[in-house]
Every structure is written in C-alpha cells, then in structure tokens.
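In what follows, structures are represented as structure tokens.
One chain, chain A, links the two complexes that follow: it is found with chain B in the first and with chain C in the second.
Right, the complex of A and B next:
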C-alpha cells in the first residue's frame, strides 16, 4: 500500500469527539422529550390493563412487571368477555362518544364551509359594509379569537334556556362553530391568497359563474388547506370541555364531560378511569399519527408570510 | 365592486325594476314578520297577552327566515355583486348573531342581580356588582394568577424554540420525533388532567412521586463504595428538594407550577410547529454566508436565526397568550382553584361562581371586566409587536 497522501489535519481529528458528543447530546434531548411526550399516554394505556396490586406497586412494563388483565375494559363493557352482553356503562359510553363525534364533525364542517366562503370572498373582492372595509371585516372575524369563552358562557346559558336549546346537540354545534371559525378563516385566507386569480379569470371567461368557479376550480386546489382547517377544528371541538360542562346535562353530554364526571366518584378505580380516558383520546391519537402532515400544515399557515 | 378587487370581472347585469322590488319586499316583509313575532312574544312574556309560547323558538325561526331572505335578496337586488356578497354575508350574520347579541345581552345581565336558583328573577342593581367585584379578593387573586400563567409562556417559548431547532437540524427519524412531539396537543385537557394530574402525580403510587422518593431514598449499602457515595449525594440533594415526601397540590407555589407545566405540556407542540415552519422558511444561503464570514454557531443563532424568526415568534407568542387566557379545564378538573385559590384562573373562578352559587349576574360582570382587560392588554401588546416586527436594518 502506498502512503496516504491526504491526511486529516490535526484540528480535524480533534473535531471528531466533539461531533460525536454533540450528536449524542442532540439525540439524548430528543429521546428525553419523546419520553416526556409519550410516557403519560403509555401510562394511561397500560393502567387500563392493570389490576389493583399492579397499580399499588407501580408496575410499569406489561408482561415484564405485570400480566395485562381486562379489568378496566370489563368495567366499561368493552372487554372480549363482556362485549356480547348488555352493558349500561357501555351504552352510556357509546352515547357520549357518538355525541362527541356528531358535535365535533358537524361543527367543524359548518365552520369550514362558512369560513372558506368568507375567506375566499375577503381574498378576492373588496367589500364595504357601512364603515367596514375588507381589512376591518377580516379583523372582525379574527378578533373573535380573543374572546374568552367565559364571556359568552353565561349569556348563552340564559339565551339557550329561553330558546330551549340547553342540553341539545345543535346548541353546542353552533357555539363550537363560532369558536373555531376565526381559526378556519385565518388558515383559509392564507390558502386562497396563494392561489393565482388567473385560474378563476379563465374559468369566468369560459362561462362559469363566480360560484361555479369557486366550487369547481378553486376548492379542489384549496382542498389540502380545508382538510387542515377541518382537522384542527376537529381537535379543538372534540376536546372542548367548558361549554359542554355548562350547557349540557344529560342528553347531549360529550366525552370530556363524561371523563370529568367520573373522576372522584366511587373512590377511584384506576383501571376503569384509565380505560375511559384512553378511549376518549384514542381517536385523536390515531388522527394525529395518520394526518400529522395536515395538522402541521394548518398550524404553519399564517406563521410564515 | 371598485377597482380594489383582486379578481376583477366585468359583468353585464340587467336587473329589472320588478326583480329589485321583489327583493326589497322579501327583506322588509320578512323583517316585519320577525318584528311581529318578537313583539308578540315580548307581550306574551310580560303577560299582556296570553298566547302561551313555550319558548322563544318562534323568534329564532323568524330570525333565521329573515337572514335567508336577506341573502336571497342580495342576489335579486344586486345581481352579480350580490353573489359576491353572499361569500361573506352568511359568516358575518352568523358571527354577529352569535357574538354581538349575546354580548349586548351580557351587558344587561352584568348590571343586575340575577341568581338562577332564586325565584325573584332578574333585578337591575346598577353598579352593585362592580362594588362587589372591587372588594372580592378571590377575583383579583385569579387575575394575578393569570399574569403568572402568562409569564410562564416565556419558558414554553424557549423550550419550543429549542425543540424546533433540534427538529430542523440534521437528524434521523425526523418524522417519528415530529409525530411524538405533536401528540400532546391532540389530547383533551380533561383527559390530561386525569392522566397526569390525578394519576401520574398521585402521591402514594403515581410514577412521578415514586421516582422522586426513590431519588431521595438512601442508596443500598451493598453498592460498591464510589457508587454508594454518588448515590448518597443524589439522595441528599433529593431530600434537600423535599422529594422524600412529595406533594404536588399542597402548597400554593408548587400547585401553580404544576398547572403551568401541564398546560405547557399540551401547548408546547403548538408553538414548536409554528417556529419550525418559520425555521424552514429561512433560506440556507444566509447560514452559508454567515459560515463563510466565520460566525460560530452561537453567533449564527443570535445574529441570523433569532432576528429572522422574530415575526414568527411574536405571532406564535400572541396566539399562545390568547389560548392561555382561556385556561380553565385543567384547573377545574384537578384543583378546582385550590389550595386557597392559588391556582385559580379567571375562567375557572367564574365557572365555580356559577356552579356553586348560580350567580349569573355577578359572574357575567366579572367575565366582561376580564374581556375589557384582555382587549386593552392585547391591543397594547399588538401595537408593541408591530413596532418590534419592523425589521431593523
């Protein structure tokens, strides 16, 4: 073998340990934060399969520290041996789950429809309602974000009482739509302003009406943004607790209210609470893992101009 | 309408007088119908008439009918321009009817003595509620807590920025880390308050208190001498921190810190993603130029990254503040404001004011005062932010 001509200089060789050290540090911090993020979810998921002694002893790893049991899921009527039987708890759970689903999905849909139209109008035409021009109208919509829910809560309580809308799904849907509408408008305005107007101009020249151009040309292009807005709304409305706790009592109670009302009653049976909490967060965890791209896209909208 | 349109279209609308008249009739007709129904219901409510309405639904339906007619008539009267208005009008009507009316209504409630559980109904009581608020130490305590909670955003921002920098660096399994870091945001605060607040922070057998007690316990004497020394130092340190008998919601300061941490846990991903999006938008050439100029990583961060990220950072922090001001779910479910109101946020305080005393009038006044404070504070913040966001060259 011939002698090596090109050698790492002394300074480069000194550099390697520093590089390894910084890599180790980076991955160490990343792993640490991953544990911080995932351990509570892992803890809840495993506690749902624990029995009383496992909880007391603080066993952590399934199959290593303890044998998983169906205790928590049995109390919800969702374990393999009880799934065929009648169960009042399961009926209750499924009712709440269904309420949450209907309310979250319809509120998000309504918000996306209303918000997309408004955002499109504001990004394309200049309006004048009284003294309000486009920027004022946009600000009017976005400023709703500042409004804390507590300001609306008690007036709505009284209003809904006189309108007979207390404890109805439609009442919650309307309120939830209101709370997520500014976010939808914010995301969609960003989306539409990035679509060139030449597309619609061509469509209009070809004889489409403005609504025809909107639904057939613009909407398909803006669809990813709409999905992002929809999912963000879904997350916020699925998790909403404050209004649901105030405005519903029995018929249209959502899942968070059910989880909250179980805490503390009848002592605490850890396993069933864990099963219930886990069932309540599972849909969003699945959505988060599958549709992570859209969520990030939605949140990044408006951050970068 | 004017030259300002981004999408400028010339349309030839021939709107006959008949059509215009029809549109106007529709709006005013339905408005008259709405006024009539509302008047009837009001009279029925006072007791002058006895029609026996069960609730105010008829008025609601009349309002909905009028809104629909208003939208239809826009097209009838103004043709193509009306169709454009139709994009914004439904959302505007929706927000106005859902926000402006309740707010005006709330103002009326705020200046009255109204206890839903008392049979007297609503009684106007002038500024009595204001006077009561001025002397309510718990409300001002809750306000002070909100300031602390808001200040905690600085720490959240620093952590979020750090994580975003790591994710933006050259790492493997980036997608895995991104998903893992995002997940806390997806969880409902109620579930979080059970999962972490009630279960993991349980004093006897929660994993965190167990870990803390383990740290503070004396090391086993079987260990080799050096390990034993290290172990006893760690345990002394743990005992000094008070980890031998951990308590999370006993003392005011610790309880508040715990609430802050749980809230931070759910919302750090939110700021992290906004900052990450900002980082990815910075052109690489700037760093290359800085590198060529011989800037160290540290200098690069403070001279290039941080100034360029200022607008994104301010947006993220402002939005985070807005969300923080709504903080309530975790507090309601874990501490209900305790110990002694130390963890109360304004929202959770008003929530309990209603839950425990059904005191609608006073609660609404507190909420409206809170709104006024928020609006003033946010306006000042946004003005300041505007000034900071201007690039300094």
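Right, the complex of A and C next:
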C-alpha cells in the first residue's frame, strides 16, 4: 500500500459527521412518515386476525406477539373452516364485490372509448362553436372535475326516479362514465398531442381513412395512455361512494356502501368489522402496489393545470 | 344468468353501442347525407369532412353538457321553490331559513377549517417527502409506500381510521391505537376521540391529510426532478447551504406546481363528504357543508334548504373554477 497522496484537510474532515447526521435525519423523517402511512393499514390487517386477549394486551407483531386467528373471517364466512359452507354474509359480500367490479369495469371502458375519441378530435381537428374553440372546449371538460358531485345529487335523483334507473347497475354505469370522462379526455389529449401528426398524414396518403388511421396507427401508440386512463378510472369508480349510496338501495349496491353501512352499525363485533374493512381495502392495496405507475401517470396528467 | 355472463354482456352492449355509434354515424354521413358520387361529389366530400370531427366530439360534449348544465340549473330552481307547497316559487326563503340554522354556520366554519389546514399540511408534507425521497437510494420504495393511502378509497380510509380512533367502554377490550397509546402513556380511561368537540374535526382532517400527502408527493417530486441541475450547482458553488438551496432555489422554481397541487387538494376538500359521513355523520360539531346538504335532502327531506346548501358549495367553488380556467387559458396562448 502506498501512502495516500491526497488528504482531506482538517477543515474538510468536519463535514463527514455533518453528512452522516443529515443522512440519519433524512432516513429518520422518511421512516417516520412511512410508518404513519402504513401503520393504520397494518393495524387493520392484524386486528382482523386477533382474538380478544391479543387486542387487550396491544400485541402488534403476528406470530411473534400473538397467533393469528380466524375469528373475524369466520363471521364473514371466509375462514378456511367455513369457506365450504353456505354463508349469507359471504354471499352478500361477493354480490357487492361483483356489482363493484361490473360497474367499475364497464364505466371505465365506456369512458376510455368515448374519451379517447373526443380527445383525438380535440388534438387533431380545429373546432369552432360560437365563441368556443378547441382549448375552450377542453376547459369546458376540465371544469367538470372541479364541480362537487353533491351539487348534482338531487337533480340526478329526480331524473333517475323518472327514468326508472334507481337501484340499477346501468344507471350507475352511465353516471360513473360521465364522472370520469373529463379526466380521461384530459389524459388522452396529453397523450395524443405527443404523437406527431406526420404519422397519420403518411397513413392518409397511403390510402387509409381517418378512422383507419386512428385505429391502426394512433391507437397502438396511445395505448399506454389509455391503460393509465383506464386504471385511474377503475380506481376512482371502484371507490366512488356518494352516488352509489344515493342512487342504489338493495339490488346494485356497491362494496363501499356495504362496508360503510356495516361498520357504521353499532351492533357489529369489532373482529368482523376489522375483517370486513380489510377485505374491502385489500383489492385496492394490491392494485395500488402493482399498478401504481399508471395511477401516478394518470393523476399527474389529471391534476388541474 | 351467472354474474360473469351478465358482466360480459353489459360490457359488450356498452362497448358495442359506442363502436356502433361511430360506425353508423360515419356510414350515414358518407352514404346518405353527403354521398361521394353524382354531381356534387367534390362538395359533398368537403362537407362530410367538415362534419366528421364533430362525430368524435359529439357524444362527450352531449353527455357532459347534460351532466353539468341540467343539474346546476335544476338545483338552482329547487333552491328557489318549496316542495311542500307543490313547488311554488318562494324567492330566497330557503336561504334565509338556512341562515337561521346554527348547524349551517357550524358546517361553514368547519369547511373553512378544512380548507385552511388540509391543502397546506398535505402540500407541506408532500414537498418534504418528495425532497427527501429524491435524496436516498431506496426513495422509490418509500415513495410507493407513502403513495399507498391514495389508492384506498375515502370510505376505506374512514373505516381504517375508525379502528384507529375506536373506543370501547372501560371494561371491554380496546381496539383503537390511539387509546392504546393514550393508556400506555398513563391516561386513566379510554377517550371517545370522535366526540370531543373541535378536536374531532382535527382527527377527521388528519384522515384526509393522510390520503392527500401521497398525491402531493408524486406530483411535486416529478417537478423537483425537472429543475435544471445548473441552478443548483451554481448555488452550491456560491456557498448556499441545503436549506437555502431548497427554499431559495428549488421552491421558487416549482412554485407553479405547488399552486396546482394546492388548488387540486382544495377542490378535493370542497367535495369532502365520505369521510365525515362514514365517521361521525356530522355529529358532535363535525358537520361540513356537503354532509349538511345530504342531511337536509334525505333525512329532513327538505329539498329547498338542501339545494340552497348545494348552491353555497357551488359559489365557494366558483372562484377556483374561474381562476383555473383563466390561468390555463393564459398558459396555453
């Protein structure tokens, strides 16, 4: 080993502890905030597997502090020993789950199709409608995001009553399509604007129609944006509570409504409350982890600019 | 019919309807309205091409106009009439009646409290988290964990936090974290946190901050990464310390994004309903406007006052709307 030629001067050395200190501070703050973010979720998850004494003693870590039990899941009919049996609670839960899935998927699909077409139109043709031009029409769409849904509640209730759409899945699907349509249009408009028009011009010269160019050239390129818009719509519609509570009563109630009403009732035992809460948020946590990239992309585009 | 079949059928009909609309409307335009043959072929093609763009836009415009315009005017009309008098016009009676309701002022006060705290706290925490996660190697993992509450619905969050704030009678097992901590720290009996006036508002507000911080963080961290390196290098060369770099170099450069995040969260706050509804339902002085409106409409069955409350929410939103449109227009031109 040769001697080190360049040495830190005395005055430089004192920066090392400062550097370590600031590192420790950064890690500490982030760790704290991560715990704040995760602990409530963790608590719900573990409480769903606890028995009364575990809860009393404030045991935290599963398998270390306490043995997971299926108490809460048994009352939902979702524990291993009851999964084969008939269970009205589970049937109810699954029915709501299906309602949520059908409504969220169909509404998101419709919104992505209609929204993509509208966004394509907005980014490729110039419109004139009275004083409104392209950008005004975009803002018209965007402004719908700002309007609180509660303002629209009563007229929709009246309208749906007269159209006989109350407590139907179709009714909710139509409404949800409308609620997510603005954000889809906004995301897709961004996406289409980033595709050079020369591509389509070449396609048009080669003899494709406008629709042909749209479906065979533009759509495949815009697919990532469509996926992001679809997933964001899916999360938003799956989570929607207000209109679902308002416009459905028994047949087509969605999962959030069931969860809110079940956990709101006083009589429910805490173990089934915890299990139900956890079962309701589990799909979202999974979606959140796997598809986070797309959700963030959608939100970034959808944030009011 | 099994639910899966039903679902598939619903989706098929919906999507098929959309595709059918676009296909048939185009066929109609090209074949029936302006056929590209005969004497006027050239003119017809031009006309068809002038109309075609609107086919793209029409469904969305039509649907959203219906969605926006009809309810707004209908709510305005309902707020000026009385249903028990057979829908007679009563002028501003509903508004005066609402102004004499102490619950309304409580809701308004709480709404302002929410407006004051949530956007500020979420943006500040989000900015802090964005700045810190960018500086360490496992920042991305931290980022996804902090973002996670965002994917959980408001109702889900409310339900989770119900477990956090939960309180049971003294002799029964406690399941709330807050009470567990409180008892550990020497508190003598569990507190029902959500019934303590004023502070329960803060407990509800924390739920929304918990959700919105993730949103603020992802948007702001993207903005932070967009800052040109040179400006920061120049500041370092000039001998700025980390705090100066952050507050004097970085924050001014992302001020636009901060405003965007702030307004977006403000809009979310004005819409807040689920959290209050699911956790306290406006009892114990936690009422907010949206929940007040819901109460009036569907519990008290008073459509007039309920619609009046809805109009108040709309008036509160209006400045943000105007300001946003104004800003966006200026940016785009």
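Heads up, the rule we're going with is that the second predicted complex is superposed on the first by the 293 of 305 C-alpha atoms of A that agree within 3 Å, B and C clash if a C-alpha of one lies under 4 Å from a C-alpha of the other, contacts with A are read in each partner's own complex, and residues count from 1 in each chain.
Going forward, contacts are C-beta pairs under 8 Å (C-beta built on N, C-alpha and C of every residue); 3 or more make two chains touch, one makes a residue touch a chain.
Bear in mind the structure is a predicted one, so any value in this text is a computation, not a measurement.
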Fit or clash - chain C, chain B, common chain A: clash
First, second, both or neither for A:123, with chain B first and chain C second: first
Which superposed partner A:197 touches (first chain B, second chain C, both, neither): first
Touched partner set for A:218, first chain B, second chain C, both or neither: neither
First, second, both or neither for A:226, with chain B first and chain C second: neither
Partner chain(s) touched by A:180 [first = chain B, second = chain C, both, neither]: neither
Contacts of A:163 with chain B and chain C, given as first, second, both or neither: first
Residues of chain A contacting chain B in one complex and chain C in the other: 26-27, 29-30, 33-34, 36-41, 43-44, 47, 55-56, 58, 114-115, 117-118, 120-122, 124-125, 127, 137, 140-141, 144-156, 158-159, 177-178, 181, 185, 210-211, 235, 238-239, 241-242, 246, 256, 259-260, 263, 270, 273-274, 277, 280-281, 284-285, 287-289, 292, 295-296, 299-300, 303-305
Chain A - residues contacting chain C, complex: 22-23, 26-27, 29-30, 33-34, 36-41, 43-44, 47, 52-53, 55-56, 58, 95, 98, 101-102, 105-106, 109-110, 113-115, 117-118, 120-122, 124-125, 127, 135-137, 139-156, 158-159, 169-170, 173, 177-179, 181-182, 185, 210-211, 235, 238-242, 246, 256, 259-260, 263-264, 270, 273-274, 277, 280-281, 284-285, 287-289, 292, 295-296, 299-300, 303-305
Complex contact set, residues of chain B against chain A: 1-2, 4-7, 9, 54-57, 60, 80, 83-88, 90-92, 94-95, 98-99, 102-103, 105-106, 109, 162-163, 166, 169, 171, 175, 177-196, 198-200, 204-207, 210, 265, 269-270, 273-278, 281, 311-312, 315-316, 319, 322, 325-326, 328-329, 332-333, 346-347, 350-351, 354, 360, 363-364, 367-368, 370-371, 374-375, 378
Chain A contact footprint on chain C (complex, rising order): 3, 6-7, 10-11, 14-15, 18-19, 22, 26, 52-57, 59-61, 63-64, 66-68, 70-72, 74-75, 78, 125, 128-129, 132-133, 135-136, 139, 142, 144-156, 158-164, 166, 168, 173-175, 177, 180, 184, 210, 213-215, 218-219, 222, 242, 260-261, 263-264, 267, 270-271, 273-274, 277-278, 281, 290, 293-294, 297-298, 303, 306-307, 310-311, 313-314, 317, 320-321, 324-325, 328-329, 331-333
Contact footprint of chain B on chain A as seen in their complex: 26-27, 29-30, 33-34, 36-41, 43-44, 47, 55-58, 60, 114-115, 117-118, 120-129, 134, 137, 140-141, 144-159, 162-164, 174-175, 177-178, 181, 185, 197, 200-201, 204, 209-211, 214, 235, 238-239, 241-242, 245-246, 255-257, 259-260, 263, 268, 270, 273-274, 277, 280-281, 284-285, 287-289, 292, 295-296, 299-300, 302-305
